[in-house]
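Look for subunit A in each of the two complexes below; its partner is subunit B in the first and subunit C in the second.
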Partner chain A sequence: MNKRRPGFVFLDGVFLATAILPIVFGIVLKVLTTPISEGITITGARIFFSVDMPVQPLVITESQINSWIVIVSLLGLCLYLTHGLSVRHPTRRQHLAEWLVEKSEKLTLSNMGDDFSGFPPLIASIIGLSALSSLLSLFGLYPPTSDINVTAGWAVAVFVLITYYKFKCGPVHYLKSFGDPVPLLAPLNIISEVATPISMAFRHYGNVLSGAVISVLVATGLDGLWGIIMGWLPSPISELSLIRIGIPAVLSVYFDLFSGCLQAYIFAMLAMLYISSGYPRDEYLKRKNKKRINKKTA
Partner chain B sequence: MQTLEVISVNLWQILLSLANLVILFFILKKFLYKPVKKVLAERQAEIDSGYAAAAEAERSATADRDAWREKIKTAEAEAQSIIKTANDKANENSDRIIGDAKDKARDIIRRAEAEADLEYKKAQDDIKQEIVVVSTVLTEKMLEREIDEKDHRELIEAFISNMGDSND
Partner chain C sequence: MLELAIGIILGCCALGAGLAMIAGIGPGIGEGNAVAKACEAIGRQPECKGDVTTTMLMGCAIAETTGLYALVIAILLIFVAPGLLVNVLMKTIG
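Take a look at the complex of A and B:
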């Protein structure tokens, strides 16, 4: 316990603040920038500012800000968890850190095989970013995952990795793989190749957004219901809409908690499966062996 | 404040999101995986070295035990052989001593017998002599006459010797 020096505790505090303050900042920002609403609406992310760029203006929206909030939070959490690691006497937070690392490695390697030993951090960052982004809605913040651009960005990253691993055996082998069972199916294969990232992006985005839409619809509906039933009462009671207490929370458990985590898991699973199944492992190893033999004989 | 449409694709946002994912990847790799894996590897190394040390200690202990067992076995054999040679030597000694003693005893007995024989013969001779003298004296007295001592002596000696022989 000689680590309980003031400097250590102070750093702990800094790291915890790094993890928590961004979320507080996000809430404050949301409260400060949200106009006094004139009703419940379904809109996309609010634009903070936009920069003129070629093709399209670069817009900094709630999605980006909230993504950065999540990233900084995770950075603070990582620093906090790995602060004061010890070989002999692991603390509770070190157990948690080790558990996270080992679990993610086990999950990744069991799904992808040992050739992908560099992937656990990527899979963990997909799950962490996606799950925490969705969970931001618990704080009343805009979940970045309900923005198609965010999930599309991740899907593009996955698509790049899929293609990179398919290219491991050279471009000829890559092109040949499209005419796989019979060359006649090449157009379908190309479509499915392009559809992979699109479907991944839309699946995740659609699930989170639909949750938000349903929540809004239910809230509006309950509001209307209250108006119909209690409309005849004098003004303060008829406008209180007490029926909105509790029932949306049940929906929130499903749409925000369950669906948010599940979609993160599904996205990561699909990424792992697509990347590892696109990798022509046997062919690659065969070529590598041949190259080595050639080098030896040369 | 302006908002995006619910579905609106923006190229730069997609790139930003991709960059965010990559940034988070490097953050996790550097600040979570690297230190934790380092600690895990160190712990594994410590455990391995501990096991190796334990195995080494066990091995040397077993070797020591075997060596001592071997030594004890040879010591026992040595003791056995020492006892055996000592026994043999003792037996030999005792045999020799007993044999010597028997020889000596036989010697003594033989000498004693010889001496006894000699004494006996000497005694016989003495007695004969005495008898001769006595009988001569007696005869002289009885006959009271001068007789040829020499003749008589021969006569008596022959008689006594016959007597002695029949007495034997």
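Take a look at the complex of A and C:
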């Protein structure tokens, strides 16, 4: 085995650095660019700079930077986990990587069926990206998922996939599917078609943002409580606000850890369900068979 | 007069945000029902606890959607609408 060769160890270090350094970079950037303000505030993503574009200036915000941080560190993590795979002597990280791949394949195939055997990588990357984006708030960074532009972008990507699979039987069949029970209901069907990406985007964004808002409200509330109880003491004690330490962490376990991971799972689950339910499987197979028979007779 | 107008804008935005969150009642009742039924199901068949729990979480998340729409509107009313409306007011006054 050549596991201990210097080149191997060096590459391992490079991959681990790719996974960790972006987060460190994000923290440093946050520390350097945060203005010294009083107290705790609820703000949106900060704008770093804007580029002039024909229609509208393109603004580079914290959510874009943090999205790229997540993407690069996920890439580093994946490279690290799949580095040095072997059939004879699987390492611990190889077991982890295999477990992840098997889980994502099982989840996708059990929800979408065998027609979508190419989908596990997409679903796994949606889950990974979304979960890590929400968990970024544990490092004190701005989670990109609490910006509606990010989740709306993902929802639009999923919507394109849904529409692509609905188009599998040609545009006529797609248009016919809007008048499904009776043609009178076509406007309602169109509305529900448009509502799909909107509800997906709002669900994810609302959950993450509400967690952040509630945490800030609780922290300021505890601040005020300390002021009421200990306000009569001399100044260093009355401004310390020791009550703020620890108690908001209980909320963070729910809002950051549990809710962040659950929303990632739900987003991926809904994407799978919408894509596989929009696919006209029977019609598509019928047409394929007809084409094959026609070819044989010709 | 201007102070009164701005005060009305701020107050009405806060009132609207509060009223919007009445929508929180619906998801609360719905999720409570879902969890109650899931508990019953687990009590009857403890062996399918995992499946019931995943399905319940999924259903809860979807039932939450209407509440989250209300939340988004309330947040817009608190953080975005006042500034926008005050700007409009300033423009009309000149």
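Operating definition for what follows: the second predicted complex is superposed on the first by the 294 of 298 C-alpha atoms of A that agree within 3 Å, B and C clash if a C-alpha of one lies under 4 Å from a C-alpha of the other, contacts with A are read in each partner's own complex, and residues count from 1 in each chain.
The rule is short, and it goes like this: a residue touches a chain if its C-beta (ideal position, glycine included) is under 8 Å from a C-beta of that chain, and two chains touch if they have at least 3 such contacts.
Note that the structure is a prediction, hence the values are computed from the model and not measured.
K.L.:
After the superposition on A, what does A:Thr61 contact: first (subunit B), second (subunit C), both or neither?
P.N.:
After superposing on A, A:Thr61 lies in contact with subunit B but is clear of subunit C.
K.L.:
Touching A:Cys261, do we find subunit B (first), subunit C (second), both, or neither?
P.N.:
A:Cys261 sits against neither subunit B nor subunit C.
K.L.:
Which of the two, subunit B or subunit C, is in touch with more residues of subunit A?
P.N.:
Answer, by number of touched residues of subunit A: B.
K.L.:
Under the stated touch criterion, which partner chain does A:Ile42 make contact with: subunit B (first), subunit C (second), both, or neither?
P.N.:
A:Ile42: touches subunit B and subunit C.
K.L.:
Between subunit B and subunit C, whom does A:Ala157 touch in the aligned arrangement: first, second, both, or neither?
P.N.:
After superposition on chain A, A:Ala157 lies in contact with subunit B alone.
K.L.:
Now for A:Pro120: first (subunit B), second (subunit C), both, or neither, which partner does it touch?
P.N.:
first
K.L.:
Does the superposition put A:Val216 against subunit B (first), subunit C (second), both, or neither?
P.N.:
neither
K.L.:
Where does A:Leu138 make contact in the superposed view: on subunit B (first), on subunit C (second), on both, or on neither?
P.N.:
Neither subunit B nor subunit C is touched by A:Leu138.
K.L.:
When the two structures are overlaid on chain A, which partner does A:Glu98 contact: first (subunit B), second (subunit C), both, or neither?
P.N.:
It touches subunit B, and subunit C stays clear.
K.L.:
Taking the stated contact definition, name every residue in subunit A that is touched by subunit B in one complex and by subunit C in the other, in rising order.
P.N.:
42, 44, 209
K.L.:
Considering the complex alone, what residue numbers of subunit B touch subunit A?
P.N.:
1-25, 27-29, 31-33, 35-40, 42-43, 46
K.L.:
Give every residue of subunit A touching subunit B within the complex, in rising order.
P.N.:
Subunit A residues touching subunit B: 33, 35, 42-47, 53, 55-59, 61, 63-64, 67-68, 71, 74-75, 78-79, 81-82, 85-88, 94, 97-98, 100-102, 120-122, 124-126, 128-129, 144, 147-154, 156-157, 209.
K.L.:
For a test of understanding, state which residues of subunit A touch subunit C in their complex under the given definition.
P.N.:
42, 44, 199, 202-203, 205-207, 209-210, 213, 262-263, 265-266, 269-270
K.L.:
Help me check something: in the complex, which residues belonging to subunit C touch subunit A?
P.N.:
Contact set of subunit C toward subunit A: 57-58, 61-62, 64-65, 68-69, 71-72, 75, 79.
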